[in-house]
Structures are given as structure tokens and as C-alpha cells.
Amino acid sequence: MKIKVIIPVSTNKWNESVEADYKRLKGPQTSIDIVHLKRGPEAIQSEYDEANVTPFILEEVTDALRHHVGAIIVYCFSDPALSAAREISTIPVLGIGESSQLFAMGLADRIGIIATVDQTIPKIRRKLTAKGFSSRFPSIHALNIPVLDYDQPKKVMKKALDVVSLMVNQDRIEALLLGCGSLFHMKERLEGHFSIPVVVPGEMALKHAEMLIELHLSHSKKSFMTPLPVKVH
Amino acid sequence: MKIKVIIPVSTNKWNESVEADYKRLKGPQTSIDIVHLKRGPEAIQSEYDEANVTPFILEEVTDALRHHVGAIIVYCFSDPALSAAREISTIPVLGIGESSQLFAMGLADRIGIIATVDQTIPKIRRKLTAKGFSSRFPSIHALNIPVLDYDQPKKVMKKALDVVSLMVNQDRIEALLLGCGSLFHMKERLEGHFSIPVVVPGEMALKHAEMLIELHLSHSKKSFMTPLPVKVH
Amino acid sequence: MKIKVIIPVSTNKWNESVEADYKRLKGPQTSIDIVHLKRGPEAIQSEYDEANVTPFILEEVTDALRHHVGAIIVYCFSDPALSAAREISTIPVLGIGESSQLFAMGLADRIGIIATVDQTIPKIRRKLTAKGFSSRFPSIHALNIPVLDYDQPKKVMKKALDVVSLMVNQDRIEALLLGCGSLFHMKERLEGHFSIPVVVPGEMALKHAEMLIELHLSHSKKSFMTPLPVKVH
Amino acid sequence: MKIKVIIPVSTNKWNESVEADYKRLKGPQTSIDIVHLKRGPEAIQSEYDEANVTPFILEEVTDALRHHVGAIIVYCFSDPALSAAREISTIPVLGIGESSQLFAMGLADRIGIIATVDQTIPKIRRKLTAKGFSSRFPSIHALNIPVLDYDQPKKVMKKALDVVSLMVNQDRIEALLLGCGSLFHMKERLEGHFSIPVVVPGEMALKHAEMLIELHLSHSKKSFMTPLPVKVH
Amino acid sequence: MKIKVIIPVSTNKWNESVEADYKRLKGPQTSIDIVHLKRGPEAIQSEYDEANVTPFILEEVTDALRHHVGAIIVYCFSDPALSAAREISTIPVLGIGESSQLFAMGLADRIGIIATVDQTIPKIRRKLTAKGFSSRFPSIHALNIPVLDYDQPKKVMKKALDVVSLMVNQDRIEALLLGCGSLFHMKERLEGHFSIPVVVPGEMALKHAEMLIELHLSHSKKSFMTPLPVKVH
Amino acid sequence: MKIKVIIPVSTNKWNESVEADYKRLKGPQTSIDIVHLKRGPEAIQSEYDEANVTPFILEEVTDALRHHVGAIIVYCFSDPALSAAREISTIPVLGIGESSQLFAMGLADRIGIIATVDQTIPKIRRKLTAKGFSSRFPSIHALNIPVLDYDQPKKVMKKALDVVSLMVNQDRIEALLLGCGSLFHMKERLEGHFSIPVVVPGEMALKHAEMLIELHLSHSKKSFMTPLPVKVH
């Protein structure tokens, strides 16, 4: 029961912490293979960044399919390349965004998302709307601290407390989704402070992947049809 | 990691098959405690039946809370007593309806539900709408074979093939949810016949419960607030 | 033309004022029979409370059906047991919540609801959403004064003026629904202060019941199907 | 308690039957004043027809306001001039379309509308959507017999049985709204045949008007603001 | 390629500025014929005003059809008489409201509208909802300066900066629609100040009309059916 | 006023017919520069194909920005790379899908889309939903003739007549969108046969681009924010 985790940025900066978290949480039969991209941008904030990592994600997916893994996780809250990857695959391909949105809807009625920077909000909103989920996610706010500064936890936490405070009191959210893989160290502190469930997307996707493997389930090939053969130049 | 499974009908008819299925699928650290109700109706088809099982489900939930289980599953697709049970609980209480609806939305865009009898359709539809999910579940049809006749598998399967055929071809569903705990033996045959994922609600809820226990997550106490003390006569 | 009014709490605290209001408003041919519950909680704030009153409401409904009343009103804004009661009945069963929500939509585009305590908001919101009405009710706020303290009208009114002020100015509501049977003494004062229609749910339900009796109309037995016979233990 | 009923077409063809129906149903204190228009088209099928009756409806409304009636009913399912009439009025102005749509939503989840001719369907649909009701009215079909031929009841009934049959079986409607004032003689026959509630819009509006008068309620002047003074040439 | 522009108010106050703007923007083959109404109100703020201009707009439309113009523009953001005019016409009839709403959705996800006075907001909101566009227009605010004072540009601009500031910062709009034909002089200043696209409705409608003429397209006669013949008195 | 048209497939098969169509329709001041891709797939049917053309589209967009064109059209109904292209651009970037969807909503209430193959339907539906347009596009059907066979017009037309017949009669569409750039030769025949407007997406995008250039408008940089600088490997 092997799960390949694609961290879709061209830095190994996150590999270690994701690995530690996944080792702690995975089931005994699960083996985890974490890769980052060799090429492309070091962070994904815009749809342009997303477009730029897509070919490299699909390369990693194709490689995973050759090596008979049980499931694939794309470790970015924006779920880049997710539909395309599912089209070429019959094994489960999960995005930490979609997985965590689904599970969060099982925890609360009104869910908030904190994003890293404003640049990512329109695309998160469009994806939620495309799935019909927007009524359940009435509040998305950004910390507006660039993703590569996220190793300064005090700065990030202070800003996070301010932003989430507003989301709880004004937008009346009842659970919080950490809308970037890089925010997961905040979970406990925010949970303690606001007394609402705080969801770490990557953790949801791991458990989601294990569950699908165990239940022999994968996405519908009618929703994500196998591409017709086409000449490529 | 103990999970209490409440089969909310006053017959032990389903205990054995649920137990077999759950034993096969549960994680190594999970122990399962399956109970049925001592009193109330033998089947849940209407909202009236649901009202009649509710007090006995809440008794079982209260009992489970005293015995320090890790999570509770209400094993009925209509999710009777779910919100009330969550209000009095801080541990996860899951309904096989909601859990499987969430997971199904991760497998396909357009999902169909087969129900046992027409009587159950309005309440299924109202609950999907209340959660904001109706755009993803465009097709709900009943087999209209009373739930207590479900031990005649040939009769059920023939009807099921007809009904699902219509749902796939006319309503264009891309995955199928078996909208009653009693239908789970059909999964493989329908999956083979229609080449779409067929979801057994009870299986989803089991994995969902294990996941929440492992991740130390439970429903928001802002969505399901602890009842204020009130005098009871 | 007899209407049975079920005040679904185990106190006779409200009987007198409801009776006075209904006597004043009822048509000449209408006779009113008001009952409260003998058992169960004294107030309904949570879905748990609602579950606890449901069996006793259904007993009263069954009793009413035996005594050939013309319509039944469940006098609680949460409409507990409403669908179940309709399933077992062919005469109209009305909830003061639903009746007043319907009529309020004939008075204004954007309607606000004031609730007693925050605990009741999630269930009010879920029920509005289940009926497809949420776009018309953009603002629900609680006074957060426990329902049993409602006999201190000054305290309640001061808080109400603050809360409704916010709903009118910020959420731009254009009519107000008093989201608990116990708030009806506020109608005139709030109406005068904010120049918007203020709707007393119980009054709407009375007129709604009379109208349905006169027009020989009742709820659809396709939306609220008669329960199939089932063995009960 | 005087109610003015405006039949907004330039023929007295309907006055008698509406009067008979209203006399039968009105409360003892209600007096009914039925008028038709002196000018304009003899039937309303298009939005163009609606535009052409609007000035004459507003004249009748203005006249009614001078004569201190208690409420005004515009007796046409399309509710022509309704918002404009409410703007210039503080007494209730009701349209038989809106009143019956509101009541029908209290009787069933999925409601069908039969219209006279296809020409009226787009405007009925737009008005339902504008009010946020479209999810509750999934089926609108026309008899396509011109409104002025409606005195041949056999022809109309045969067509109606065919059309409603399709709406019940295929679109799964659970109640039926007779989407033109001229169809009301069909109520009993269709109700008997299909076992679903059949709603006569005009009857709903009468009871709605009486209710609002008795409860001293009228539409919100924030939803239907009094027009600012403006120079007219 | 002649376009008739109907300014649907009984004043020639706007003719000159609309003409100047349209002359500047029109294509070389377009000729513009601008008319205002001889009768009716001098401004359109309420639905009542709208009802009062409708017959005169339809007269102008009928006149235009006799003179073989290529398209008709109704120059008012409320789009009075639009559907009726389309029913009697096979050439394009455009409203500056609808045209600009369509194009604005091609420029931004979340669009704000500034209206002249609060009186116009309910009808703008109802029309957006009727078209299914409300999720894209989350913010509508009025300047509340009567339309006939709009020649004092300083007063108007100061208020506009305040109002739009709130819309950008609190409601997070990403583009702005000037919701009255009389506001178009503000475009550049607001665009410079807030760095978002500011859309002048009349300009959109002109280009929309030219495009439809060039592409030989007009509205569907199934959405706007030709009125059936009816006797008119 | 130069418009660059990117036909995002690696074949020059469509260049000539697009050029002919655009030459015929463009304004006198417009110059058109049509390019196809040098690399990537020859057709776009799946989201996988879309992912594969995205980098090459963005290259062409970047190239266009260097050469100071006035607007860019991506000539594929799926609008591949549209958001990413807008993020890196301040000049208008239009997709023939979105442009034609906007315009079609100005022509009819209920619009149908014919697609080439079933594979493209899920992604078209998701994109419509993401924009909030799904209520206006109730019918999407595929011809299921691979895109590269589209030069056999008789075969295509016969199938199209069958499919559209069903869409008009059963789904009651009121206008038709040709959901692939390759279908545009069908416009006149289908329009004649069904008497509904038939929209050629590419033509809409051309006129849309000219309009935006003339009006000095472009997409909001708040909806499509400029990507933050990020290190790329």
C-alpha cells in the first residue's frame, strides 16, 4: 500500500516536515514516497504558477503509474493538475485541497479558509464554486505573508490570530481550513485559541488515500474520462 | 480505538452482516461494538419511523459516551438523530448517509442514489439540500421493494439493474450510492455492470470514524452546540 | 372548524398568552384547543431538545387525529416533528416556523430572524436551506437571553433593539421574523422603531390553518408519504 | 374589510365566475369589489400584454387607495404591475401568482405549474427565479389552448390530463398550481385523478388578503419603497 | 447599420452627452438616432416610474421597427420594457443594464454596482436574480443623491469615493458598474483611484448592438415569443 | 488594433477557415494574427490535453505581450490557460468559450451546448459552474464524432440534427452554442432548421476583443492578480 506524495514545487524545503507528519499519521501498512519537482517555480500562488507546475506534476503521475503505487497525493491546497491526473489514471489521485474541503464539511456547517496571500483567493473561490461547495465556505482570507517567509512562526501566528479572529466573530465560521500546506504547524494553537476544529489539509488527504485503497475505490471514469488518443508534436 | 455502531432498528437481522463487513475492513487497532435497538420500529422508511427511533438512538449515544468509545456510527442512510447526537457529544458521531455523500463527491461530479422505497426519497432530498449538496446528486430513485424483503437477492438485483440503467443513461450519473445499509451486497455486481464507482455507505463511515479518531478531530461545537440546561419532566 | 395547538414544551407557561392572542385573532367559526406537553423539556433550544419533544408531539398529533380536528399547529419556530406528523396525517399540520417564513416572503425580499439563543441558529439555518429559502433570509441573530427569562420584557427589548438595529443597518433586512413563540409581545415596539413589518409566527400559522381548512387543502401525500406498516417493538 | 379585485383584462368575461367563487369563500366581514379594465388587451399571455395592462392596473390601484379599501388583489397569475403597485401603496397588494406560489410551497416540495400557452412560460419562470423559488417549481408546462377558448371545458380537461400526467410521472411533481385564473374549474377533477393537491391561485390570494388585513400587516416599504417625487409630462 | 437609442425619460437633458459619447465610440458604419420620451416621468427610480415609461418605450420601439433600424438600445440601467420590446421585435433590443452586466462578468469575478438612490436597489437586485447572476454581483450601494442633481459633479464624486471605498475594502468587489446612465463621467476618476475596471453601461450596449448587427444575431424567439393576437380595447 | 489569435493545437488545419471567418467579420481597423502551436497535442478533448497545451499557450501569450498587440484570443471552447494568461497580462485575453457564453446569455434564457465528444462535457460543465452560469445552460450533449473527423460535414450534420432535436424538444433549449471551434460551418443550417439563435464562439470572441480595445477595458487585476515573483528552476 504505497502512496506517492508529490509536493509540486521545485524545492525540497517542505519534504522533511511533510515526511515527519505523514510518518506519524500513516497506517502500519502504508509506505510513503515523497517527491518534490526538479523544475518549475518554488511556490504556487497564482494560476500562472499552477500552469507552470502542471506538466511536471503529470510527469510524476505518469512515473507513479508505471511503478504501481496505490494512490497519489498532490500536496498543494490549490489541487493543481488534479483533473488531468485523474483522467490518465485509474488509481486514486487526491489533492489536499479537495480532500480537506470534503471532510471539513463533515465537521461544521460554515467553514473558513486562511490562505497565504490574496493572489490565491480567486482561484480557491473558483474551485469551490465549480464543485458546488461555495455556500459552505463563506469566508476566505489571506495572511499576506509570502509563502517563502513561513519559517518565521511568530510573525505568522500573530497575523493568523488577527485574521481568524475576524473570521470567527464577523463571518461566524465554525471550523477552519489551513489553506496552504505550509501552515500546518498552527493547528494546535489556533484550535486552542478559538475552540473550533482546525483542519490540516495534508493529513486529510493521507487518510483519504488510505481509505480509498482499502475500499478498492477510485474516481469515476465518467467524470474523469480517459483521454482519447491524439497525435502530439 | 473503539467504535460503537448503532444499527437503529429493533431487529438484530443486520448485525451479523455488518459485523462481518466491518471486521474485514477495520484497521488493526479498531474494535467494533455493534448494537441494535431494543425498542422502536424494525425498519426506517419514513420521517415518522425516524422520529420513533430517535429517543433510542440518543439513549445508545449517551451510553456510549459513558463508556469512553472513540467514535459512534449511526448505521442508517437517513442519518436519524445525527445533529442531536452531536450536540450532546464531543467525540465524532457519524451517519453513514453523510459520510458516504462526502466521499462520493470526491469520486464523481454527478452521483445517483438508489433508495429502497419511494417513501424515503423526500427526506433524503431534504437532507441533501440542507447541506448544500443537491447539485451533485441529480438522481434519486427507489427500488420499491420493502426493506424487509431484501434477503431475496435475485429479485432485488433485477430491479436494481433496471433502475440504475435509467439513472446512468438518462440522468447521466457518474457514481452510485447505495442509499440503504441493506443494499451493500450489490456493490460488485453493479460496479461490474455499469463501470462506475458504487459506494457502500457503511464502509465509508467506518473509515471516516477511524480517520477522525487518528487525527483527533471532531465536529464543531459551534455547528452542534451543547444544549443549554433545561428542566425535563 | 377546530384547530388543535400543540405548545411542544412541558410547561403551561405559554398557554394563557397564546390563547389570548388566538382568541383575539381567530375567525368566528374557529375553535381553538391548546395543549402543552406533559413530559419532556420545558424549552426547545437545541436539536437535542427537539428530539426529546418529538415523541410527545406525535402522541398529541395521533390523539388529535382521533378527535377529528380540522388542523394542527405545532407552536414552536423550529417546527419539531413537522414532517413526521404530516406523514401520519391527511389533515393540515402546520409549524409556526414554516408558515411564517412563507408569508414573510410575501412581505419583503430580505428577511431577518431574531432567535432566542445562538444554540438555535444552526438548526434554523439548516431548515431554511432544506426548503430552498436561504437566499431570502440573509440575517439570523440571537438575543442570547435564555428563553425562560423572557418574562423580563425591558431586558429583552433593550437587547432586541440593539440586535435588530444591526440587522437593519448592516445586513439590510426589510422585514423581521420573531424566531421564537415567546417573543411576540415585541411586535409593535419593533415595528414602530424600525418601520419594517414584524411578523409573529404563531399568528401566521393560525390564519394559515383556517385558510387551508376553508379551502379543503392539505399537504401532498407525495411529499409526506404515509409510512409503510412496520413491526414496532 | 373591503377587498378590491382587479381582473386585469378588458373583458367582463371572468367577473361572474370569480365573483361566485369569492362569494363562496370569503369571510363574513369581507366585502368584495370586482372590476375589470375598460381598456387594454382582453388577455395577458406575453410580457407585451403585461406592459399594456400595467397603466390601467395602476389607475385602478390609485382609485382603490382613494376609496380606502383594505387590500387589493391583481387577479392574473403573472402578477402584472405588482411591484409598482406596492410602491405606491401601504395597504397590501397581492398577486394571485405570488400568493399561490407561497402557499403551494407549504403543501409540497416539488410543485408543477400548468400554463395556458407556451408564450407565458418564460415570464413565469423569470419571476419564480427572481424570488429564489425555482428549485421548488421544477416543472412548468402549457396546455397551448388559447385563453379565450377556455370555455370549452372538455377540450381543456382532456389536454390537461395528458399534460399533468407527464408532470407527475416524469417530472415527479407533488402538487399542482393552476397557472391561470381561467383554469380553476379543473381543480376537483385533477385532484381526484392524480391524488395531489391542486391549488387555485385566486382562492389563495383571497385568503391571503383577509389574513393580512386581520393581522394589520402589509409589504415592507424597504422592499417596495415609495417612489421619489419626479416631474411627469 | 442604424441604431435607435431610446433615453426613456421625458427630458432631453441627457441627449447631448449620450450623443457625444456614442459619436466618439461608434463604428464608422453605425449611425445613431437618439430620442427621449415626449411624455412620462423625467427620471426612473422606482418600479412605478418604470411602469410609467413602459408604454412610451414600446411606442418608440414600434416606431423603430417601422423604420427598419438595425438594433434598439433602451438607455436606462433598469432595462425597462426590455422583455416586452423583444417579444414584438426580431431585431436586437438591448438594455444598458443587461449588456453591461454580461460584459462585466467577463472582466471580474465579483462586481459591484453603484446606484443613484436606494429606491432603485430592490429592482436591480430582483432583475439580477431573475437572470441567475446574483452570485457575481455581491455588492449594490446607492449614492442617494437624487438623479436630477447629478450635474454637480464634485458632490457626486466625493460621495462616490466614500461608497466605492467601502465596496472595495469590505465587500471586496473587483470591478465596478456605474448603475445609472447619468454616472458615466466618473469612470476615469474611479478607475484611477481604485485600480479596478469601471464599466459605463451605455458604452457596452452600443458595442453589443454593433456586434449583434454584424453577426446577424438577435434574441431567441423561444425566450421572447411573439405575442399571440389579442383583441385590444 | 492588432489581435493575436492562438489556435491552441499543434496543427495548422484550422488556421485557414478561422482566418477566412475573421477577415470577413473584423472591423476595418483590426488586424488579425493567427498562430497555431508548434508543439503539443493536435486536439483538445480532455483536461489532460488542456494541461498539455497550457505551457505553449502561455509562451504565445508572453510573445504577444512583447509585441504590443491589443488583445489576445485563445481559440478553443474550453478556454485553456485563460486565467493564467490574464494574470500575466494587462491587455484583454479572451477565450471563445467564455465570450460566447456571456453573449448567449444576452440572447436566450435556456442555452444548449453541443460538444464534440463526451470527454469534454465534464470540464465544460465544471467551468460553467465555476462562473455561476449553470442555471442558464441546462443541456450539454456531444456529437461523439472525434474532432479530427470534422471535415466530413454530412456525417456531422446528420448527427447534429438528431442531437439538437432532442435538446430543443426535451431539454427545451432556446439558443444553441457550438461548443467547439470546429463546428462553425453548421450555424446556418441549424439556425434554419430549429429557428433558434446559433452562436459561433469564435465570432463572439472577435467582436468582444474589438469592443474591449475600443473601450480601453481589460480584466480586473484583482480577479486575476499579477503573480508574485518566485524563483523558477
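All chains are identified by letter, namely A, B, C, D, E and F, in their written order; residue positions are counted from 1 within each chain.
We adopt the following convention: a contact is a pair of C-beta atoms (placed from the backbone, for glycine too) under 8 Å apart; a residue touches a chain by one contact, two chains touch by 3 or more.
Here the structure is a predicted model, which means the values were calculated and not measured.
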What chains touch subunit A and also subunit C? B, E
A correct list of chains touching both subunit D and subunit E reads C, F
Specify the angle of rotation obtained when superposing subunit D on subunit F by their C-alpha atoms, rounded to a multiple of 5 degrees. 120
Subunit C to subunit E, mean C-alpha position gap in Å, rounds to 43
Subunit C to subunit D: how many Å between their CA centres? 27
Distance between chain centroids, defined by C-alpha means - subunit A, subunit D (Å): 52
Using mean CA coordinates as chain centres, what's the gap between subunit A and subunit F in Å? 30
Can you list every residue of subunit C that touches 2 or more other chains, as numbers and ranges? 109, 122, 126, 129, 131-132, 135, 223
Using the contact rule from the top, write out all pairs of chains that touch. A-B, A-C, A-E, A-F, B-C, B-D, B-F, C-D, C-E, D-E, D-F, E-F
Okay, in this complex, where on subunit E does subunit F touch? 25, 27-28, 94, 98-99, 102-103, 105-110, 131-133, 135-136, 172, 174-175, 195-197, 199-200, 203-204, 207-208, 210-211, 214-215, 217-223
Residues on subunit E engaged by subunit A in the complex (per definition of touch): 109, 135
Which residues of subunit B touch subunit C in their complex? 10, 37-43, 45-52, 54-55, 58, 81, 83-84, 87-88, 117-119, 122-123, 126-127, 129-132, 146, 148, 222-228, 230-233
Per the touch rule above, subunit B residues touching subunit D in the complex are 122, 125-126, 129, 134
